[in-house]
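Next, two complexes with chain A in common: one pairs it with chain B, the other with chain C.
For the complex of A and B:
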């Protein structure tokens, strides 16, 4: 009975992993396939599609634009969401349910609605259809991904006592935030940054509607290629995956040194 | 004018008064404890001195300066919290140096001072360790070093020992007193542990429901409690309900007790006579007839407490406890008839509302 149960579990997990991995593997294979329509495996392999992708005049422009938007959204999140969350946790705990609710709203509003609303309200220069408006939209759109992990981290530490100890020792709010609170909620800040970066990097609807052709992002280029040649689009997808991986690893690596003692400290509790 | 003064200080949370019209004057170098059950307002009072709570009425002055509305990071008070207040991301050295670094002291001075503080709390080699690598007692020593490093004008301790186990607690309270006396630093200590308050303070302030019940030296608080609350809260006191007969006698059941009756209590007013268990002598046989204050009853329980044995005796329905030196308890048995005697001077009489 027990044996059958575990076989069933392995089978289920196996199915799930296959379901998750097949599209990714297929995309990787498709991006290096010469022809792949009537056979189980491609008829031949080539790097031609990557060459086309890299040589496309918009390749580096859209990649740069996407980086600008993603990094700006992460930085805005760090500058606005993190202090706000901290402030509500320590000074205005009664407002926390309200903030929790506000942070669910972006999930409830479709990106199309958000984009059209932003375009209509901010229809004046210099904001109208500008990259700045796109970044602002992305900040709203990705807010919950920064808020949730940061809020959870703040709940896991004794943020009140830490704040009061630091205040008592003469620190000002900025010093407390940077030297005491931020290092202790670093795991939350990091996963929040990663989630925001990945979400915004892959964001298509807002970019397409707000800036469109005037400030093309990587997903827009990808969608354009889907209409022309699926294999080049697959190559672009692989590049997009790779960028997300490198960004994740970079953030983890940069924080690696400062993180260790704190992880030990949290583990010891 | 006293060094630290709280005048008519009140603090309300909603409609509930946490502290009511509180007045306290602490002299320079004095060690004052705020003692009371949880919710009595002692921690709120301490937090108002630190600046974490704003009083709704009244003023707080420190060294002649009105600090009532000075923000907590400009007050120069050093606070030690109950637990978990060390910065977990920093080494011990960085924790102790924090207060000096954020206020821009020169580096050489900081290193010197950190070394001195760690030596003061007897953990000179702990600088490179992280808080989680220290025991609870060591963490509180570091918290003390960190609070003292900023050379505070007042040291505030908020139940610093309550999260520690008994042995460490007793050792560390001695350390706190030694360091306090060595530096001559004005200290306000909050605790709910009466033994702790009595053993380390110059003066004890007993609080209940936001009000001061009594303040005085530990001896005064213990020997002459002014209210029934203080009598019951500090140590153990037998409370014998009776009626005043005259200036020197109170009727307790069918016994006339010889006790000093305060002048404001007239004849036949209802009173309670307080006697500490250690003031009561226990006899296995009836004492001389000329002895004052003889009660008799049967032994209910015998509790061994190490150096002493606490015996509870049922005296006509009233439970009276007496402490006997442990060595003398051998003769006692349950339901045995015993006699209790105590001196008139050991008693205190107060009105029974």
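For the complex of A and C:
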């Protein structure tokens, strides 16, 4: 089936890569360009836009807020979703379809709808428009990203034998989970955590609608700057892209050290 | 495990699910149910269809129609192009190159929202790099026929995250096409075209359908990209719903509930079709 590469094939891949890379590269270059509106390359380079961004009073506030929300979502995922997934896999296989369904549900709820629903129901203190409500929304929204890799990792190891051996040796459930299962599914847990982190860090909709001006996150600052100063917006976009790149590369590195999901997806060839 | 057979033990096993189920109930299921009920009540709390009457106003109908159109166009374009590019990637001889391209798709499909929208403004905005290059070197004026701040621009920006998603969805399906099937067809005298028409495409069809509906849902629920690009110039249903939250003028909260319920209905249909198609596709996976 595999013949020589055709021109059509190379052209398609070339166009795809160009389409994927040009917006990113252009933003990186734009963020360090003094002036870039008259020639194919910028007239000079500067770090001024980054300096303005860093010195903006909201820069460190929004960055901190985004880190708080992202880390909280990761921790909630580790505390709620990992044990639940393990529990269903070993003790309650009959609940697996229910869990699967609950994990598909967030994909079916647009972020604006989730935000609207949460705001309407929790319109009283201390939850109303609070960072806590935002974090809860982010946990719901990012649940599937933690569940998938963890569930796949659990399926790949002999979780029943491990659990029973540990039980026979007198371990309790918490000990089994932390000292036996977790180390064995570590690549899944790490991939899930990184995915949750990256998604929540880039989340604009929930933050803008639930907390808005009272608890600004990094993407909110970015959107504000797209309307005020494009240069600074470019610098903020670059920071945002870089966080996403680092998280993605870390996921690839982590899952590459476990099993090879890419090769698996392609079948043994 | 033996626990399944003991009802009492089984009950205690269900107890282990309580924290998670409670969380989902409190922050997902109850809020959505309240929204649903709220859409059928008037301001006094009596049953009423007035919210649905409100959203039959032209502005809301147009928003729904725009959302459906943009989602359908980017889903179909994304699926066709993703199928072709996915096949081109799948057919690469170098495993390393294939992995790099898959990794690229993995990363870029998550580049949605504000930074992506801004990246498109950098290259295709009215003073964008490509806009100016076209004008200077090719003498082509993109504006006002094209504008990144309008629907045509939105389609281009949405395709940026739709294409890699389709590639990631379709490549496992190509891997399911077994070499023996091609060989058998070939030995029986089938041409390439006959192979694809009679064997290849029918097997890929469930994956293609799953891909199209998932892409549709992906675009239908999107908000940040459209909001950053077009702001209130773009009337999409997600933007209208957001207006009822941020309390913009003339936007009725009841109408927001009704729009949200209809959006949820559309999304559920997509997810249901995806589920069925995906199960069908998996029949060939092993």
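Methods note: the second predicted complex is superposed on the first by the 231 of 269 C-alpha atoms of A that agree within 3 Å, B and C clash if a C-alpha of one lies under 4 Å from a C-alpha of the other, contacts with A are read in each partner's own complex, and residues count from 1 in each chain.
As a working rule, contacts are C-beta pairs under 8 Å (C-beta built on N, C-alpha and C of every residue); 3 or more make two chains touch, one makes a residue touch a chain.
Here the structure is a predicted model, which is why all the values come from computation and not from measurement.
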- Can A:152 be said to touch chain B (first), chain C (second), both, or neither? neither
- Which chain, chain B or chain C, is in touch with more residues of chain A? C
- Is A:30 contacted by the first partner chain B, the second partner chain C, both or neither? second
- Message: I'd like to know which partner A:175 touches here: chain B for first, chain C for second, both or neither.
- Response: first
- Go through the superposed model and pick first if A:184 touches only chain B, second if only chain C, both, or neither. first
- chain B versus chain C as contact partner of A:212, first or second or both or neither: second
- Query: When the two structures are overlaid on chain A, which partner does A:166 contact: first (chain B), second (chain C), both, or neither?
  - Reply: first
- Task: Show which residues of chain A both chain B and chain C reach, each in its own complex.
- Result: 262, 265-266, 269
- Query: What residues on chain A touch chain C, complex-wise?
  - Reply: 1-2, 5, 8-10, 12-13, 16-17, 19-20, 22-24, 26-27, 30, 36-38, 40, 80-81, 83-84, 87-88, 90-95, 102, 104-122, 136-137, 139-140, 160, 198-199, 202-205, 208-209, 212, 219, 222-223, 226, 230, 233-234, 236-237, 240-241, 244-245, 248, 251-252, 262-263, 265-267, 269
- Message: Can you tell me which positions in chain A touch chain B when the two form their complex?
- Response: 157-158, 161-162, 164-172, 175, 179-180, 183-184, 258, 261-262, 264-266, 268-269
- Message: Looking at the complex, which residues from chain B come into contact with chain A?
- Response: 50-52, 71-74, 76-79, 81, 84-89, 98-99, 102-103, 130-132, 146-147, 150
- Task: Would you mind writing out the residues of chain C in touch with chain A in their complex?
- Result: 1, 3-4, 10, 13-14, 16-17, 19-20, 23-24, 26-28, 30-32, 34-35, 38, 84-85, 88-93, 95, 98-99, 101-108, 110-123, 127, 129-130, 132-133, 137, 160, 163-164, 171-172, 175-176, 179, 182, 217, 220-224, 227-228, 238, 241-242, 244-246, 253, 256-257, 260, 263-264, 267-268, 270-271, 275
